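Next up: some structures, all given as structure tokens.
Look at the two complexes coming up: chain A is in both, with chain B in one and chain C in the other.
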Partner chain A sequence: MIRILILLFLNLSLFSDLVLEITESSNQPIKIAILQKNENSFEGQEIINIISNDLTRTGEFDVLSPDQLLSIPMNESEVIQRDWLLLDVDSIIFVETKQSEYALDINYSIFNVSYNETEDKRRVLGLPDNIRQSSHYVSDGLYEFFFGIEGISSTKLMYVAKNSNVYRLMISDADGFNEQVLLKSNKSIISPTWSPDAEDIAYVSFENNRAQVFTQNLASGKRDLVLSSNFSVSSPAWSPDKKYLAFTSTMDGNSEIYVIELKTKKMSRLTENFAIDTEPAWSPDGKKIIFTSDRAGSPQIYEIDPRTRIKRRLTTEGSYNARASYLNKDEIVFVHRNNESFNIAKLNIKTRDLEVLTTTQNDESPCIAPNGNVIIYSTKDGNLSYLAGVNISSKVKFRLPALYGELKEPAWSPFLR
Partner chain B sequence: MIKWLSALILSILIHCLIFLIYSFLDSIEESEVDRKITNVSFIESIDIEQNAPEVPKENTNDEENIEEITSPIKPKTEIKETKIDNLDQYLSEEKEQESQDEVQDLVNKISAQVIKDIESIWIRPNNISEGMYADFSLSLDRLGNINSFNILRSSGSDVFDRAAMNAIKKYKKIKYIKDIDDEMYRIYFANFTLRFKPK
Partner chain C sequence: MKIFFISLLSILFIFACSSIETVDVQETKTVDLTTTSSNESVDSVSSIENLNIGEPHSRVYFDYDDDTLREDSLTDLLSISKLMKENTNYTLLVEGHADERGTREYNLALSERRAKAIEDFLVTSGVSPFNIEVVGYGEEKPVDSSSNESAWSKNRRAELYFIK
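The block that comes next holds the complex of A and B.
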């Protein structure tokens, strides 16, 4: 017994358990190559181009072009590991397209260069006339594989395009392609927003010479006026359960926040003071609403519990903070005046950490992607508005191409399942 | 009956003894786990800590020692005898302590470099929740090649674990290991734990 104890003691004294703790991570993007598998085709190359653009736009991937490669294998068995290690490539994505008259299926595999083996194989089933959307699904699958959260390439954007004095409410893919016009008007259209299930939208139209909130079903095109009133009604925001719509109205004298139950049209007023209260946005759990108010002399962000009406001020830094939305339960994103420029900023409500995310001069209307990792906003180049985005993780910014003059008021769709 | 009773008492005594020894060892181990030097933590050998000599901090100064010896308060002869014996002992203990400090310094330097290297490789995923971490056990050969690694504690997310494993796999070899002596390699780096715990 004593011998065993001595041995045990000696053993413990001879070896130390060293624990090295890794807390910081690299800012480098994941280096990948995307190659066609088994045979080259025009469609296959088009798919690869779409995926490459999707992933490059995130700033979290470095997609090598064919002229950077040392060898081009046609499948996993042809990979010469040394070539890829020399290029410091993390993974090779093999994409195989199977097209028939009625279907276009994309099989893709993720080949890990360090392990020299295939880590995962996936498939996207699609239609021949929907090659862009199928490719976006591949991009989202790859993003999810590497970063653990859903990608947003297959989601949609809604925005207002202004050309001369014609306003168009537009919808497009997240990369700006495949634009469609939802509404055309010679009066202003503002504040478009998606319902949580992406089946309906709401927006403010001035077609009757005053601000009115309309809802519109995307499948049928059916429009409904939310509230018949002679007063201004604006800034619609759907509750996460789609039962309520929060909005701003001047029906009681000055701008206040209201909530309407869409089924019963029962309305309740949330704010009551002489200041301007506007731009409501729901928390992810639907229990809180944030809004902009100048009750303290300058526009600041406040939070209210719709049931108890208890309010609290969230922003204290800076003389202008407006148009806020929740990034998650602890963080909000809003327009913040930073010296003389208006930028998009992020505030942690608990820690009070404020981070300015953009560097352009006149940024406005921030909207968060459904994965919570990208913010789209409108900004100006001279007098022309355009849409730009910033990836929160990589801090990489991108700009959306504009076909119709000015673009503003972006709204990112929920995930389309 | 007496035999049975004495066997029972003996058995209880042995179990109590085992329990006391185990508790004693465990308490020492726990107290050591908290020791952290930057990002490096050691669960150190018990006898190194326990038998660590209590060397006076500034005993290298001979003049101070002489002053102590010649102090009129204490008997001269006694002090002188003690002093000579202690000086040798102190010098050897100090040398031992210095050597241990050098070892610790080198281990810290290598550990910090390994952490820096892996942090430059690891691309963390975006689905990190508060307090998420994963532990991996690494086995190195004498040249520093990562011969094998396995997951000790999963983060609960496949993507997080995979990203960490990719970083280890990509690191392949800790080049600083070949330059250290066999004992340091055996005690600290032959097997160690890598914890991925984003801030």
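The block that comes next holds the complex of A and C.
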């Protein structure tokens, strides 16, 4: 049984498209060691490997490997402080795993080397067949302890993989494991997005030779066409309460923004303008919608209150600003034309402070991780699209190149708790 | 056995206070459209569905982030207008496209406006709007997928097809 499991993991990693490379690390990564507490087990080592990999992938940790250590304590009382001070280690993480037929119980503690004492103790309780997800929760707990920002190792990514003209809408764990195909099509799939409870997704499919929005339940695979139509429907965005879906359509002859109440199918039109209005995104409180419009001659970001229909323009700098989403109530992230290249930028709505976050070219489809601190987007190298990302607070940059074919349209899941 | 398992799980959940994380398993299903020619569950009324239309009759090119017709495409469009007025049983499909620069959704809207600009021109010249169908593909179907001005200028286009 164990052998079969290992083979399965090997297979998954072989075919996994998401191999992460850190392109720019943190200036001051936190140096830690992760050790099994009291007894060594196969599962315990597997868990530590997953956590080490998660934390290394953030680019903000330097996780020491066993051969770099001077001594290996089995618990806090066996720590020889000078060994660890010599290695300049910040903290030792002790992980104790208890596995029964019904539960996997992971207790972990953070031992501060310079204080020579345990700073925090935490616990993750999961099902025994779900070692990877339970370990990701430990990684997220550790990340939160050190940075005060929630970790995202336990979340999922959705993206479109294109390989010899076959499009696959994929979902995988944030570390690329457990890749699954949600939709396979010979026609383009764009704008995938998660429902706020992560149970459903919406996307645009060209399967009927025209842009149409579908919703799909992840567990059952059941699909619904949002509007059966002879015009294009695109750019879906769920409201934070999941009751409404905002979208773009040309049903009235020109690209406008609409909101549909999913239960009653009651529809309302938000924009009325001869220009392009598209790419709606909801504010975190669901009270505002931002969108792209070229009503002033070039694409810029506007904000609208769906009830009062009062609009205001948010971007003023640059000749091309599009596909915005709220990072928080005061900041938005969008595609910004910067001389000849298209980059991902951040704007503070209040201070008007604009910051270009990426150094790649042809960037598009930015998506914010649920902790509000990592942005993933798609960009191009030669003729092939791949995914790349940037951490806002640490400035760590990474890329997720496809092993073969192309990756695009990333969509980060909400927290899965 | 199962009841025991569930009750044990609920005990575990009761124990789970704020400092403890509980972990759930998520399952997903695949939908494959590549093996079936028609789409089972979804009813679509698109009249251009599953059409194999081959090479376009002609192509019309546009400038960057622009949907206005260039002067050099007007002679072509006038001859198409003439052809359509003489053969009123023809339907013209106008597919709009965009280059890769900028965002996919904006490009989708832009490409549809390009197709619409051709429709508007033809209708103004006397062609019945019922004989024209427009569709936007955004940056999804490039002629040339390189990232340079020569490729971009080829991709900013509308393709015109006659369908019976």
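Basically, the second predicted complex is superposed on the first by the 382 of 417 C-alpha atoms of A that agree within 3 Å, B and C clash if a C-alpha of one lies under 4 Å from a C-alpha of the other, contacts with A are read in each partner's own complex, and residues count from 1 in each chain.
Keep this in mind: a residue touches a chain if its C-beta (ideal position, glycine included) is under 8 Å from a C-beta of that chain, and two chains touch if they have at least 3 such contacts.
Note that this is a predicted model, so its numbers are computed, not measured.
Applying the stated contact rule after C-alpha superposition, one finds that A:Ser77 touches neither chain B nor chain C. Of the two partner chains placed around the shared chain by superposition, chain C is the only one that A:Leu225 touches, whereas chain B remains out of contact.
Looking at the shared chain after the overlay, A:Thr308 reaches neither chain B nor chain C. In the superposed pair of complexes, A:Asn339 makes contact with neither chain B nor chain C. By the touch criterion defined above, A:Thr264 reaches neither chain B nor chain C. Chain A is touched at more residues by one of its partners, and among chain B and chain C that partner is C.
When the two structures are aligned on the shared chain, A:Ser164 is found in touch with neither chain B nor chain C. Looking at the shared chain after the overlay, A:Thr23 reaches chain B, while chain C stays out of its contact range.
The residues of chain A shared by its contacts with chain B and with chain C come to none at all. Against chain C, the residues of chain A that register as touching in their complex are 102-104, 122-127, 129-130, 133-134, 137, 141, 166, 171, 180-188, 190-191, 206-212, 214, 216, 218-225, 228-230, 232, 234-235, 248, 250, 254-255, 276-279, 292, 294, 298-299, 320, 322-323, 335, 337, 342, 361-362, 364-365, 380, 382-383, 409, 416-417. Residue ranges on chain B touching chain A, taken from their complex, read 14, 21, 25, 29, 39-48, 107, 111, 114-115, 118-128, 135, 157, 159-160, 162-164, 166-167, 169-170, 172, 186-189, 191-199. Looking at the complex, you find that chain C touches chain A at residues 5, 8-9, 12, 15-16, 19-34, 39, 41-51, 65, 100-106, 108-110, 112-113, 135-138, 140-141, 145-147. The touching residues of chain A, when paired with chain B in their complex, are 1, 5, 8-9, 12-26, 28-30, 90, 112, 114-115, 119, 144-149, 371, 373, 393.
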